[in-house]
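What follows is a pair of complexes built around chain A, which joins chain B in one and chain C in the other.
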Partner chain A sequence: MKPPPFLYCRPRAVDEALAVLAEHGDEARPLAGGQSLVPMLNHRLARPGVLVDIGAITELQRMERRASDWLIGATVTQRRVERHSLEGCELLSLAVPFIGHRQIRARGTVGGSIAHADPAAELPAVALTVDATMVAAGRDGQRAIGASSFFAGPYMNSLADGEILSHVIFPVLPSTTRCSFKEFARRKGDFAVAGVAAAVDITDRVVSKARLTAFAIGSNPVRLPGAEGAIVGRSLDAADLDTAAEAAAAEIEPWDDIHGSPRYRRQIVAALLQRALQEVAP
Partner chain B sequence: MADAFVLGSRPVYTGTHVTRRQDDALLSGRGAYVADLRRDDMAEIAVVRSTVAHGRIAAIRTAEAAAVAGVIAVITAADLTDVSPYPNFASAYTQTPGTFPLAQDKVRYVGSPVAVVLAENRYIAEDAAELVEVDYEELPAVTSLEDALDPDSPRLFEHWPNNRLLDLQPDDSEAAAILAGNRVLRRRYKMGRHTAMPMETRACMAEVRDGRLHLWCTNQHAHIARTTLSYVLPMAERDIRVVIPYVGGGFGLKQHLYPEDVVASWLALRHGRPVRFVEDRAEHMIAAAHARDHMVDIEAAIADDGRILAMRVQVVQDLGSAEIFPGAWCPALTTAAHMTGPYDIGHCAVSVAAVATNKTPGGSYRGFGVPEAVFALERFIDEIAAEVGVDRLDLRRSMLLQSEDLPYKTASGALLDSGSFAESFEKVVELGEAAHRRAAAQHGTDQQSRVGVGYAVLFEGVSPTHHGASAHWAGHESCSIEVLPDGGVRVASGVTDQGQGTTTFVATLAADALGVPIETVEVELADSDSTPYGLGAFGSRQAVIGGGALLLAAGEVRDKVKRIAAHMLEATEDDLVIEAGRVHVAGSPEPAVTMAAIATRAVIRTMDLPPGMAPGLEATARYEPELMEHVPDERGRINASASYANAAHAAVIRVDLGTGEIEILDYILAHDCGRVINPPIVDGQIWGGIAQGVGGALYEDLRFNDLGQPQTAFMDYLMPSALEMPEVVIKHFESPSPNTPLGMKGVGEGGTVGPAAAIGNALAHALAEFNPQIRETPLSPAVVRAMIPDRGAAT
Partner chain C sequence: MSAPAARRVEPVAEVPISVTVNARAVEAVVPARQLLADFLRDDLRLTGTHVGCEQGICGACTINLDGEPVRSCIMLAAQVDGSSITTVEGLASEGLSPLQQAFKDNHGLQCGFCTPGFLMTLATVDPDEYPGTDGIREAISGNLCRCTGYGGILQAVRTAWNRVEDG
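Entry: the complex of A and B
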């Protein structure tokens, strides 16, 4: 478990990082908190010739409340998000404590986790649920990528060659939105076996808008349109919860691994969604 | 006999909280493990391991790897021309795997060492190891014990008639006759494959000095390791020194002398440079001993009230490739020896098979076959109770051994000379039922969960013979004690310390046996050059047998101290006592002579010794328990252990009907290891044991696919952490053995043995409405969820 040889550089500015990435092409990989990439290096599952450590670039460490959203720089640590409860970003605050352990969150970054696109990771699910925007920096400037098109498969994102994730924009949700985040992991801090995120707008004691996401069940987190449709206009009584859970179980196509069969993942998504909706019910 | 084993005066330290000797160094990061050892010219190895489960080696190409800058050598089995296969001392009743340090001709598991790269450092060694190309002609893999039992399955070893390394079929006519005339219940139980997973992986460093081989390693036995090296390497035993530095947990896994220990030694001898191997965690997952993986079939004749009248049992152990030394079949024999539990079951015939499969070799692990027996039997008793319609607690009460039944010889030959079987059981029932009532009150209205309580009651053989595992070594331990001229005491023993506190108990018993302050006792363990030959750590034996040897040696020294003191004080020996390093007449602290004055006279001013007395103040003693048997009788019965501890477990759990997750709300354990030397160490042993037992019951699972490819990476190997562990209530019973030194029994394993059974029974209780079949571990959430109908999960 020793990595093959690699070159390491630690640029101070985004432009500098982009220049190094451009120079080395496929050989180069950006390194943020290293909580996924370093184990992959040690297992020789990733073998970049050049590691571009973006941890010293101060502009990637911004965390700002703007008019209607939060801008979170790619290398803001998960622990920093955890320690500031970001007003209007309740789902993010609920999800972050599920990421690994405190030591991991102290190094792991928001951008690193989203760019890594681990199917079982919490932040991609949050991003998808609240329609966060990922902003990529490239040699031609910045471009915005919506969450629904950012995740391109397991451990794959839609950043172009030579681009890095600069920051993520999380919209501030209205006070009528209630959020819940549930995941089932075998031990505290493990990757989820399955999880759900819910952001539900309640108006006059009924659901006016529902954004429901399941994750750790397949390549990327997925929205649950069937379950969303089942609860819009409803008051979330016990029967509504059952219907939504059944719809969610039916509409996902879970994968199979050592911790659970597709059937089992459907069962836990159903159970977790019921509990999430119970929590947000008026 | 036991009269020889006494503490000299009123014990000062024994039975109290003596602080562990290594804690200072370990907690401040100053303890040196093998990975901390460095030499200026040290080289390191990386191992090229088989990527296929079963195959013939067609070709190994090493030239490209050998050409890498910084590579010193690349070797394969063909280079080890002067190395012998590990011996098999059990060839009379087992097949011989002919285990060799590197694969010859065939590989039999993914992870099997095929070639070794020696390089300037581990980075270069790993770079080069990637360049070694091995061509395999793949063969069909045998990946389960059921497959291995099939006579038509592919054979791992062509010279065996089948895949059964061990196949013992004792005469079961008595049990069969009883079965024929009664109601019979049959059940099959399986315990999954898991492993010890010590925090420190395996490691060794070999160095040649003045023509002698010095091996620092993580092995649990300095002397057995030395002897074994002399069997496989072309070295005289006198030219080998084995030293065990600080070790981060052994748990049985480090009982085996692994291929890397031999290869690193061979390379150090060949290249004249210190050679180090530090196993990484990915290697550990596939190349360090796995354990459990047992199947137990029980057929029992049942009386109308549920009592078991006779049992016929078949135990099958999946050995993996069986290429390990010492061999790993003994857990199956141990399962067989524990099948009656602490119950009056007069007839029990157990057949035992141990089969080879294309998986990582099984080996030793805390519990060593007993968890398998306890899980099967205790689940079986709950199943009988449900089937017959009697109370599961009353059914146990009707069969449990009472104190008036002791001593009792079990059907398998174990001599239970003492214990608190019924008392410990009643204590955990009292506490368990109360905890269950609390849990039901707290969670009873929650439609999404169920609560339940389960029990297990057990005995476990402790301080066993090594002959069952090795067919060679038996069961003694050793101790040397020397009093230095300043009165300080040096104790050297064959026992070893993997972090469990061995050094501390040695100091404790020595101080009390000699009547000296514990600070004046220096303990030397685990260096084959400076300690007498002993067998080291296994089977919860060290306090009992190592303690016995220590007490014998201390008794000799103490007698001589008194003879010299009597001469100096002009008193009678029998009137003297030794306290705090001073000898005086009982009841009058003055005049007194100090240990320093006595020892100075014994080894320096020898002309002042009593007339005719030989110089010196030292003794070496060895102790082998008389009642320990090494070879079974013609019907397979054996009293393989010097002593038997007992315990009762209760688990109160809450089951999440939606996810199948089991939460342990309360865990209660009543334990009896006879005389307790150090209460916090005993509690620590129990805590750690329960954690490993809970791991096996709920979390840990080493899986292989049909091709024999391992499916469990470290990330997926779920040892419970502090966050998963419940609070544990421990109740102590002390039933001293009449047959062991100070009445001590071993404590290392009792916590590990019961959790699968107690939690399995709690699950059956919690989910009784669904009539679940709970006959396998681990009880993962997916497995549990499948026991619950979807309607049952609805809110």
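Entry: the complex of A and C
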């Protein structure tokens, strides 16, 4: 199908975009790479009256290594992240190749994926795992939102009316942190049936801190505090992996859809977590 | 001196664009809702770009946009203002490009519907980024073929990219 009619504009500055969004209220939607929104327009699942294309706003395309983090502008493409190895941001680099296909990553943006908050998307899981900060721009200035409160349900975020996501701050992890990203999909590039992300600090050959996340199993990605607690202080031997996998399977409440039952998703998460931890083991 | 007020941007239903398509400068006014694939096919009559699923899954509409393979069915024509596009019609100036010839020689197509998308993906990416047969599989993973099967396509790409079979 074709998109329903709408009005379109392509502002050059954040202020200009915010002014249009304020003027048109609920009718207006920002358009970044369009890799989710345009299919939704084609299907007429979205019918915005006004599209505000933020793709030409250069200040949203910044990608900067700062003292202790990376600042990634909302419309930095996934392909750009894929091409640069972001030192200290390994989990992001590991996750990006799983996003759709090359053609999708060429247009799809970091901020667009995070703001879209698809339950099966990779970047929200990365943001939650490394505790990224989402910075919203509104008419009253900027506001920082932590990953643990940014995602507000399937396809929902906690941006206020009239705000756009300006950039995302990914903390640079210490060299003692090892990362792994695993997902299962029926075909490469499809949305995951389930996935896990891991950022694990190893000190003196044991786990000193663990950040584990499961995604594509429910409304939003979730941290796995049970599995995290199970591996802190451990050397990640085979028995530790089993314990962590069991804890993860027990603590998640996967949803049920045509792609997998809760039981099946628990098994996938357990298996993927074992593989991820095997990869980061000292 | 106070900062200048933000330029007022007025949303419009008809969008003027200037874009380079197959090395030709094009000026047009497009409906805001028009998909890039439809602009190429209906307005520029470049019907080599095929529209399959219209939802960004099948890859038949893949074109080269500023050096990247992209799906033209999930882009708006309005978004390409200032860009440069190559479609399958721009692959060869006369006859077939080596990649097209390899598809022909190796039975890399049957009905041909998906072929422009495969060609544009493969002609746009850097082969060095996709080593071996697994690399070729990764490169074409965003393009679906529903009749030939992928064996002939893989062989065609190996030929075009000067690769020996590695399993």
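Throughout what follows, the second predicted complex is superposed on the first by the 282 of 282 C-alpha atoms of A that agree within 3 Å, B and C clash if a C-alpha of one lies under 4 Å from a C-alpha of the other, contacts with A are read in each partner's own complex, and residues count from 1 in each chain.
FYI, contacts are C-beta pairs under 8 Å (C-beta built on N, C-alpha and C of every residue); 3 or more make two chains touch, one makes a residue touch a chain.
Model, not experiment: these values are computed from the prediction.
Peer 1: Just chain B (first), just chain C (second), both, or neither: which does A:272 touch?
Peer 2: After superposition on chain A, A:272 lies in contact with chain B alone.
Peer 1: Scan A:5 for contacts with chain B and chain C and give back first, second, both or neither.
Peer 2: Both chain B and chain C are touched by A:5.
Peer 1: Touching A:184 in the superposition: chain B (first), chain C (second), both, neither?
Peer 2: Touch partner of A:184: chain B, not chain C.
Peer 1: Quick one: classify A:260 as touching chain B (first), chain C (second), both or neither.
Peer 2: The first partner, chain B, only.
Peer 1: Contacts for A:43 in the overlay, against chain B (first) and chain C (second): which applies, first, second, both or neither?
Peer 2: In the superposed model, A:43 contacts both chain B and chain C.
Peer 1: Which of the two partners, first being chain B and second being chain C, lies in contact with A:243: first, second, both, or neither?
Peer 2: Neither partner.
Peer 1: Is the number of chain A residues in contact higher for chain B or for chain C?
Peer 2: C
Peer 1: Tell me the contact category for A:133 with respect to chain B and chain C: first, second, both or neither.
Peer 2: neither
Peer 1: Shared contact residues on chain A for chain B and chain C?
Peer 2: The answer is residues 1-2, 4-5, 43, 187-189 of chain A.
Peer 1: List the residues on chain B that touch chain A in their complex, please.
Peer 2: 122-123, 126-127, 130, 280-282, 448, 656-661, 699, 701, 703, 711-712, 715-716, 718, 720-721, 723-724, 780-782, 785-786, 790, 793-795
Peer 1: Which of the residues in chain A end up touching chain B in this complex?
Peer 2: 1-2, 4-5, 43-44, 184, 186-191, 193, 238, 241-242, 258-261, 264, 267-268, 270-272, 274-275, 278
Peer 1: Under the definition above, what is the set of chain C residues touching chain A in their complex?
Peer 2: Against chain A, the touching part of chain C is residues 6-13, 15, 31-33, 35, 38, 54-56, 59, 62, 65, 68-71, 73-76, 78-79, 81, 121, 125, 138-139, 141-142.
Peer 1: What residues of chain A sit close enough to touch chain C in their complex?
Peer 2: Listed in rising order, the residues of chain A that touch chain C are 1-13, 15-20, 24, 28, 31, 34-35, 38-39, 41-43, 50-53, 55, 79, 100-104, 106-107, 187-189.
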